[in-house]
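Below: a set of structures, written as structure tokens.
One chain, chain A, appears in both complexes that follow, with chain B as partner in the first and chain C in the second.
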Partner chain A sequence: MKPLLEIEKLRVSFEGERPVNVLSGVSFSIQKGETLALVGESGCGKSVIAHAVMRLLPSEARVKGSVRFKGTELLELDEKRMSALRGNELAIIFQNPSHALNPVYSIGRQLAEPLRVHQKQGKPDPSQKVLKALKQVGFSRPEHYMKYYPSWCSGGMNQRFLIATSTILGPELLIADEPSKGLDPDRIKEVERELRAHPGAGKTALLLISHDLGFVRRLADKIAVMYSGEIVELAEAADFFEQPLHPYSLGLLGSLPENGFVPIPGSAPALSDPPSGCRFHPRCPYGEKRCLQEHPRLKDTKGRFVRCFLCP
Partner chain B sequence: MHSAVKKTLRYLSSFALIVTLNFALPRFMPGDPVKNLIGEDVYVSEAVMEEIRTELGLNRPLIEQFSAYLQGLLRFDLGYSYHLHSPVSEVLQARIGWTLLLVGVSVVLGAILGILLGAYAGWKPETKLNRGIYCGFIAISCTPPYFLALLFLGIFAFKLGLFPFKGFYDTPTIGSVAYHLFLPVSVLALFSASRNFLVMRGSVIQEKEQLYALYARAKGLYDTSILFRHVVKNASLPIITLLALDFGFLFSGALFIEIVFSLNGMGTLIYDAIIGKDYPLLQGAFLVIALSVLLANIFADLLYAAVDPRVRRPA
Partner chain C sequence: MQKETCVHEKEPCVYEDVELQREARVRKKACIKKEAYLEKEPGIPDVGYVQKKAPGQKEVDILKKAPGQKEVDILKKAPGQNEAYIKQRTWQEKIPVFRQPIIYLQKYGKFLGTFNRAGLFLLLFFLCMALLPSFFAPYSPAERFTPYEAPSVSHFLGTNDIGNDILSELFYGARISMMVGFASACISTLIGLTIGLLSGYFRGWVDELLMGFTDVVLILPKIPLIIILGAFLHPSVWILILVLGLLSWESLARIVRAKTLQIRESGYVKSARGMGFSPFHIMSTDIIPNIVHVVLPKFMLATASAMISEASLSFLGLGDTSMKSWGMMLSFAFSRGGFIREMWWWYMPPGLCITLCVMAIALVGFGFEPKAGDTEKQVVDI
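Moving on, here comes the complex of A and B:
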């Protein structure tokens, strides 16, 4: 089956006095209805992938490689045709929901906007759909909250408004950028439920970006672990959580509370100055001599991909 | 509720301060008002002067004068102009309409023009056209309005002969009012627009980088629909404050423009009053102008609350 989204050798650099390579050749694909989670520490380039797919990177970003959505090369699409896809077939939920919503417009108006932008005139009143979408994300009095403004609501409520807005047209690919960030466990459960239960959830593929492995484990079909602008391990979620292969993946799982809370020593390298050889070698407990000199390739081992010399 | 009470108190104290200053200022001025009234070349005996002083109440203690002044204000009695031989309130009533028309139309036009052009210029500041407009408005905002008025009068009325030199003194019809007011309104509107333009442009440049603008794009909005459906309303919030602050400034600009174009409003009235030392009239005019600036600020506060939900609470 042809994948819904196919990313190949995606490279992104930011121009400046010294250009910074934030993504150095990322490839993965997502099938229809599948959930793929990108995990990794902050600053490893996860959000950049999300913005590159949506073509929302700032003008100083240089993007190379290929992003194909249903066979169409998104990187070559003009802005007009790209905006016809955005919010309709391709949707994103930003982190920081309280800033993603416009402070001076009502929730109802902002929720109805994708409907108004993408649907032809003469359709029935959008407010029915908006009410339904608000009910779906757990508001028992939706007509009341339609007249609210973002500044009157909590971050958790705004998060749900944002999910409702981005999913109101039942997109084929939904990108959720850190949807569990800054929420308490009960709210995270709700977000999980909403990401599964929105309209068209059955056919919507989800690109989930998170550093919360517990959250990811409950939602993802596939896991891609990122480190310093590249994928270091890509595997089925079940295999990954049963037996992680890359030393960084082992470290990530080891740092979970239920696995003993052992932090990975050191900190992630700056993208402007990545270490030579394997980018993880300064923090790797198993490093060998060649890890310092050679850059490992992403190898196929029994249906999963690992970027490490030590893995068979 | 709490902040509304606070604001009302603040406006009331401003009002009290304005009234007090308006009472005090002419009394602090050097010179004898009675001598002034009679004229310097005329000789009158001390007894006659004392008589006039009693008649005007100027020999009473200040506090009594102040209470008499306040009582007069409550009856809309602003004093009597000895030069024009009629009550100040009547003189002002006849003139202020024209000035308010000039200022009002100019403020509205200037706001619309400044907001629209400023929005476009901030959305794509790098285009040649927008850079040209930016330079033009900077130049206008640096030029004093009376100089701009002289320039317009020189070019459009004198050189090109398109508009009249002087204001109207016959029975006004809409056509003749528009004909006579076109140049003064253009000058004041351009000046007001230049200030709004500069603020709006900077505000749009700032607001378009906000996350909500990016999310609007992520929802599928295209180019200027992001500007007009999301950015403009946020970016024009500072304009509301600016309009209120500018109202007094534009009002004073209008006075000079009226003098240049010989319009029959407050400007020429105040000018003649200053030349003729007609203090009751000046005092009345200042009071009315100060109050209209105060009202403009109250209006801006109310408008702000209506536009920005962040200063409101849910019902």
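Moving on, here comes the complex of A and C:
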């Protein structure tokens, strides 16, 4: 089956006094209706992938490689056709929901906006659809919340408004950039439910970006672990949580409270100056001499991809 | 989040208090109504907010209130009707016309509080003067009486060199002075807003080109240029409006650009782009409403400064002699002997009017500006 989104050797660098390679050759693909989670520490380039797919990177960014969505090369589309895709077939939920809603408009108006812009249908009143969408994300009195302004609402409510806004047109790919950030466990469960129950759920593929492993575990079909701008492990979620292969994945799972709360020593390397050889070697407990010199490749072992010499 | 429970079946049915009984009935009715509403759209599961009651859990009921309290308003509404507030409405809120301003008031805390009342009153007074001069003026400005007359009962401010009633002239002059001010401020605001938005939103070469142009306009000496233009072109109010408007937009453009640069990086503009809205749509619906509070005071100040420029140009004799503004009146008073004869009733009123009007406009303009303490409430960053 042809994948819905196919990313191949995506490289992104930011120009500056010294160019910084943020992504160095990331490849993965998402099937229709599948949920892929990108996990990793802050600053390893997760959000950059999301922005690169949506083509929302600032002008200083140099993007190489290929991003194919349903066979169309997104990186070569002109801005007009890209705009038509955004919101309609590709949607993104940004970090920090309270900042992602315009403070001067009511929720109802903001929810109806994608309908008005993309469908150009003035006649069938969008408010019915808006009511339906709000109901689906768990508001039992939608007509009441439609008149609210974002500043009147809590972060969790705004997050759900955003999910409703992004999914109101039933996109085929939804990118959720840290939807659980800054929310307490109860709200996270709500967001989780909304991500499962939004209008297009089931046929919408989800690219989930998060560093909350528990959240990811409940939602994802596949997991890609990123470290310092590259994927170090790519596996089915069930396999990954049962037996992580890469030392970094082991460390991530080991640092969870339920697994003993053992942090990974050291801190993530700066992307402007990555270490030689395996990028994880300064923090790796199993490091060998070879890890210092050679850069490992992403190896295919029994349907899983791992970037480590030590894995068979 | 809102957790609503319909518990009317479990409610004990006997109350010792009559009022409590009545309340229980209303509550029951409301619950039935709400359920009817929830069932209206079949097929959509109501995601888990009608919660099952855990054994030991206490009831959560939004309808709960003190026994003496009056009924919550929302319950009286028909199920499909839209309501913004659950809380009880005051009589003002029940009247639809008052609702919008009241919502505004609740959102921003005050309505006229930020405006200087004296400024508003003065501006309104001058606007009335400009809109309905015939209503106030005792005579037509073209009517002629004995020239150089001192103030009397029939002519409150006397007459000028050709016998026109000065008070009437003053009232009719308001329209021209204010028209020049507002029209040229409109032009300059429009240009400044467009240029600022375009260069702030698109950045890159568009920004450099437009800002370079702005810098060139910024260093042009305004008044000398207008004098030269006024001398070469036929002196007319329209040309004056155009010239004043075309030469005073630069500072607004710079401010709008700075603000746009800031807002375009904000989350909601990003998510608007993520939803595939066109740049024009984003600029008009996302950015402009968020910079109105910067543009409005600037607009008022531009009006005030255009009025002053008009007065000074008219005084220099570059105004339109067929349309007598306050500045023109001053110029005539100066050149036709008003100053020499010490006819203060001729030259004082127009000068005073210009000063007061400009002051009123500036005061109202300051009212639009956010106060230092309001920064947290500012619409841009909530």
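Assume the second predicted complex is superposed on the first by the 310 of 312 C-alpha atoms of A that agree within 3 Å, B and C clash if a C-alpha of one lies under 4 Å from a C-alpha of the other, contacts with A are read in each partner's own complex, and residues count from 1 in each chain.
The rule we apply is simple: a residue touches a chain if its C-beta (ideal position, glycine included) is under 8 Å from a C-beta of that chain, and two chains touch if they have at least 3 such contacts.
A quick note: this is a predicted structure, and the numbers were derived from the prediction, not measured.
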After lining both complexes up on chain A, report clash or fit for chain B versus chain C. clash
If we overlay the two complexes on their shared chain A, which of chain B and chain C does A:Val12 touch? Say first, second, both or neither. neither
Once the structures are superposed on A, label A:Arg141 by its partner contacts, choosing first (chain B), second (chain C), both or neither. second
With both structures fitted on chain A, tell me whether chain B or chain C touches more of chain A's residues. C
With both complexes overlaid on chain A, does A:Ser151 touch chain B (first), chain C (second), both or neither? both
Thinking of the overlay built on chain A, is A:Ile231 touched by chain B (first), by chain C (second), by both, or by neither? neither
Between chain B (first) and chain C (second), which does A:Ser83 come into contact with in this model arrangement: first, second, both, or neither? both
Just to be sure I read the superposition right, which of the two partners does A:Leu4 touch: chain B = first, chain C = second, or both, or neither? neither
Could you say whether A:Val104 touches chain B, chain C, both of them, or neither, answering first, second, both or neither? both
Out of 74-82, 92-100 or 272-280, where does chain C run into chain B after the fit? 272-280
Residue overlap on chain A between the chain B interface and the chain C interface 54, 56, 83-88, 91-92, 94, 96, 99-105, 113-114, 117-118, 147-149, 151, 165-166
Spell out the residues on chain B that touch chain A in their complex, using ranges where they run on. 210-212, 214-223, 225, 229-230, 233-234, 237, 307-310, 313-315
Which positions of chain C touch chain A when the two form their complex? 1-2, 4, 38, 41, 44-50, 74, 80-84, 86, 107, 203-204, 266-268, 270-278, 281, 285-286, 289-290, 379-380, 382
Per the touch rule, the chain A residues reaching chain C in their complex are 54, 56, 59, 82-88, 91-96, 98-105, 113-114, 117-118, 132, 135-141, 143-144, 146-151, 156-157, 162, 165-166, 190, 193-194, 197
Chain B partner, complex, touching residues on chain A are 54, 56, 79-80, 83-88, 91-92, 94, 96, 99-106, 113-114, 117-118, 147-149, 151-152, 165-166
